[in-house]
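Sending over a structure as C-alpha cells; questions will come in a sec.
Naming follows writing order (A, B and C), and every chain is counted from residue 1.
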Amino acid sequence: MPFLRNAWYAAALSSEVSEKPLARQLLGENIALFRTAEGVGAVEDRCPHRFAPLSLGKVQAESIECGYHGLRFAKDGKCVLNPHGNKAIAPNAHVRGYPAHERYGFIWFWPGDPARANIADIPAFPFNEDPQNFTPVFGYLDVAANYQLVVDNLLDLSHVEWLHPMFAQSGGVDAHKTEYAVDGVTVHARRAKPNVELQGLARLYWTSPSQRFDARSNMTWMPPSNMSFDLGATECGAPVEEGVCLPNAHLVTPATEYRAHYFWSIARNRQVNDEAASAKLQAIAQRIFTTEDIPMIEAQQRNIGNVTDILSLKPVSIDPDIPAVRARRILAELIRGEETKAQAAE
Amino acid sequence: MPFLRNAWYAAALSSEVSEKPLARQLLGENIALFRTAEGVGAVEDRCPHRFAPLSLGKVQAESIECGYHGLRFAKDGKCVLNPHGNKAIAPNAHVRGYPAHERYGFIWFWPGDPARANIADIPAFPFNEDPQNFTPVFGYLDVAANYQLVVDNLLDLSHVEWLHPMFAQSGGVDAHKTEYAVDGVTVHARRAKPNVELQGLARLYWTSPSQRFDARSNMTWMPPSNMSFDLGATECGAPVEEGVCLPNAHLVTPATEYRAHYFWSIARNRQVNDEAASAKLQAIAQRIFTTEDIPMIEAQQRNIGNVTDILSLKPVSIDPDIPAVRARRILAELIRGEETKAQAAE
Amino acid sequence: MPFLRNAWYAAALSSEVSEKPLARQLLGENIALFRTAEGVGAVEDRCPHRFAPLSLGKVQAESIECGYHGLRFAKDGKCVLNPHGNKAIAPNAHVRGYPAHERYGFIWFWPGDPARANIADIPAFPFNEDPQNFTPVFGYLDVAANYQLVVDNLLDLSHVEWLHPMFAQSGGVDAHKTEYAVDGVTVHARRAKPNVELQGLARLYWTSPSQRFDARSNMTWMPPSNMSFDLGATECGAPVEEGVCLPNAHLVTPATEYRAHYFWSIARNRQVNDEAASAKLQAIAQRIFTTEDIPMIEAQQRNIGNVTDILSLKPVSIDPDIPAVRARRILAELIRGEETKAQAAE
C-alpha cells in the first residue's frame, strides 16, 4: 500500500538533529536531516555527483556540504557551491528538498507537494511546550514492522491486560467499557475507569491519602499515524485538571513498508522540576515499549511475512479491534484520494 | 523437493519443552510446542486474530493463551476462549493442531494426516528409556543446510578418517570393509572392525587390560531422516552385549529446505550413575558435531546455493556414497507416493 | 557489467597464503589459494564429489586434499587421488585450476584463458622487491562496493581535501593543477606541488631543516584495476631521487559485482631498517582507508543499490572525475573486446 504523501510525519526527536547531519529513511526515501542557524532542513541523502550520502558531510552556513568532494546544497536541495575547476554549477546539480519544521520537541517533515505544506496543520501537543505546567520526556524506537501494526497496538486499549501485566487493572477487560468515536478523520478510543483502586502510571504521582481515584485512558488518532493520549487520574468525582495529567504523544512514521520509526513523549504535571523523576519515567516507558510491545509487533510482522495490509488476511475480529480498523479505513480512503488526484493530473 | 508428510519427525528434545512454549520452525511451518498436565501439544504458531505467535503466550490448563489479547486454543487448534465483548468464538477462530507425542527423550510430531498418526510407528530407541542398563545424554544443533546433507554425513562411515582425526582408525578406510544393506525402506551401513587397537569413543569406557578389541559402527536409517547407530566394542571374539555399548539416536528434521534441526543422543552401558561421565560425553560429542561436522555440511550448502537435491548436480561418486544415495532414493520414492495420492484425491 | 578475464588480478597478500588454504571469492568465483613447496596454487573451491570447499582441506605434497573424504587435486585442478574402493578416478573428477604467481608481495591470478597468461605481464612494483633501498608495508581491506568505486576514489586526487582533513593541503584544490594523461591503456593523474609547506605522509620522514619542499602525488592506473602511486617530496628544485620516496601499490580485485578486495602497499626509502616505523606507517594508512575512504565508498554503493555502472545514472560531473571516467571507458572497451571475440568464437 502506498503512503499518504500530503501529511506531516515526525522525522526525528529534536534532540537527535544537530549540526552533524542525521541519516534517516522515511517513507522509503533516504533523507539527511540537519540544523542550521535558521532552522532544520531535510534533503535527499544522495549527492548527485557520485551519490555519496550528504549525511556524511557537514553543515556550512545555511547549506549541507558533501563530505566527499565539497559540493554544497541549500535546504531546498539546490547546489549552491561547486569548489572545483571553473566552479560552474551543472543544471542537474540538485537534490530533493522537503519542507521541515521543528515543533513540540519533534522534527516534522512533509513528503508531499511543498506548496500544500502548512505548519499550522502539524498536530498539536501543547503540553510539550508548556514548561510552567508540564515536563515532557521523550523516546525513540526503531521497529521492524509496518507502521500500522504500531498504530493498531496503540489504538487498542485492551492489550494492557495481557502484554503489560504490571499495569493490568483489577476486574480485567470487562470492568470498564471502552467507547469508540469517529470525528471527521479523527478516531477516539476512550476508557473511563471511575472509582478504581490506584493503578497504572498515574499511581506513581499520586500523593493524596485517597485509596481510589477516577482513572482514564483516552487515545486520539489523527492521520496518517499520529496519536495523542490523555492519560491521568483525579480524586473521585473531581475535574481532571485537578489530578495527575500525563498527556502523551505517540508518532509513528514508516521507514519502509516493513520498518517504522516510533517517537513518543510523556508529559506530566507533577514533579515538574524533578530531573530524577524524568529519568525514571523515561526509563520505565522505554523499557515497556522495548521489551513488551515492540517484540510482539515485530513477531506479528514476521508471522505475516511481506503482507502490509493485515485485513487482507481475513483475521478473526474481536471488540477491541474497532478503533484501529476504522483508522485503517480512513487512511486507506485518504490514500486512494491522493492516487485518484494523481491519476487525474496525468 | 517437498517433504514427506505422513511420518514422525523429532520436533524437540524433551528438555526443551515446558509450560513456557517453544517456537520452532518445522518443515517450513512455524509451530508452538508446549507442555500441559496431560502431555505435549504442537499448534500453528500464529493466532488467527492478529497473527501474534502463540509461543509468546502461556499455557493455561490444557490450552495455550495468546500473549497479546488472551484468546485460548486447545491442542487440536480450536479456540476455546475469547475474553472480549460478548465472548463469541468466531467460526474461523482456530489454528492448525498437529499430533505430538513424547518418547525416548524427544518430542515427536506428525505433519501429515492426523488420522494416520500412530504412536506405535515412532522409531524405537529403547536404550533411552532403560535407566537400569543405560544412561543417555542428549544434544541439539541448528544446521544451516538441507537435512539430507546431515543424513549423508551420518550414513557415510568413511569421513571419520578425514574430518575426525581424533577418531581415525589405524589402517585407514581400507582396513575394514563397510557392508551396505537395504531392508524394505530401511538402509544399513555396517562396519565391523575385529581385533583392532583400542580406538574411538568406546575406548573411553574400556577397563579391561586387553590392548585390542572388536569394534563396530553400524548405522541404520529409517525414513524420513531418523537414524539409530550401534557403536561399541567388546573383547575379541566375545558377544557385543558383554562389551561397551554406546547406542545413539540421530534425528534430523527439516526447519526449511535450507535449515535443519539435528537432535542426537548417546546412551552408554558403563558408568551409568556417573554424572561427570555424562557431562564429559555430552561435551565431547557436541563439540565434534559443532566444530567438525556442521561447518563442513554448512559449507557444502553454501557451495551449492539453493540446490536441495545434490544428485541433480551430477557429482563424482565414490564407494562410501552408496548408503546415502539409496536412502535418498527411497525417500524420494515415498514422497512421490504421497504426491501421487494427493493428486488422485483432487 | 562482466569482468575483464584475460588479466592479472591480485588475489591475496603473500602473507595470507600458506600451507593452510585460503578461501577467497574472486570475480564471483570461489577459489582456494594454497602454497606448496613449488609455489602457489589457485583452484575452484568446490570438490566435485560432495561440493565441500577444498579450502577446508590441506596441502599434501603438490596437491590440495579435500577435508571431507580425502580426494586430492593438483594445481591444474585434476584429481590425482581417490582413496576409496578400487581407487578409480572418475573422468569428471576435476575442478578448475587458475594460473597463479607470487610477485612483489602479492599473489596474482589469471581468470582468463590459461594459454594467454604471461607472468611478464604482471604489473611491476619493483620497490617491493628492493630491500637495499626500500621497505614496504602491506594491508588488505574487504570493501562492500563495486571495485570501480574504489578505483574512482584512488584516481581522484581532490577528495583528500574533504575526506582526509589531516592531509589537506594549504591552498585547497585550487592551489595546484592536476594534469591528466592517457598513454595507450594507461591513465595518469599527476599533481606537482612545488615549494609548499611540509605536508602529507612525506612530512613524517623529512629530516632536513628546510620548512618547504617540492611535493608530488602521481597516480597511474593500469587495466583492469591496478594502480601505482608515486608519492614523495624533495628539496625545492632537487631531483626526486634525492628526497623522500613513498611508492605505493593499490590493487583492487572484484569479489563480486558488489564487493571488492583492496590490497595496498607503501614502500619507503627512509628508516628502511626501522620496524617500529613500518608498524606506524602500516597503522596510519590502514586506519585512514578503514575509517575515511571505505565507509564513504560503501555508502555510495548502498545509495545506488545494485547499479554497477555509476555513469549509467547520469551523475553531475566535476573536473576531478576526468581520469576515473577515462579509466572506466578504457576498461569497458577492453571488456567489449573480449565479448566480441567470445561471440566470434561461438
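Operating definition for what follows: contacts are C-beta pairs under 8 Å (C-beta built on N, C-alpha and C of every residue); 3 or more make two chains touch, one makes a residue touch a chain.
These numbers were taken from a predicted model, which means no experiment stands behind them.
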Practice task
Compare the two sides of the chain B and chain C interface and say whether they are made mostly of the same residue numbers, over half shared, or of different ones.
Solution key: different
Practice task
Could you work out how far chain A has to rotate to sit on chain C, using CA atoms and steps of 5 degrees?
Solution key: 120
Handout entry: Chain centre separation (chain B, chain C; CA means) in Å
Key = 47
Problem - Sequence positions of chain C contacting 2 or more other chains - result: none
Practice task
Could you pull out which chain B residues touch chain A in their complex?
Solution key: 30, 45-46, 48-53, 56-57, 65-71, 79, 82-86, 90, 92-93
Handout entry: In the complex with chain A, residue positions of chain C that touch it
Key = 152, 156, 158-159, 161-163, 172-174, 295-296, 299-300, 302-304, 310, 313-321
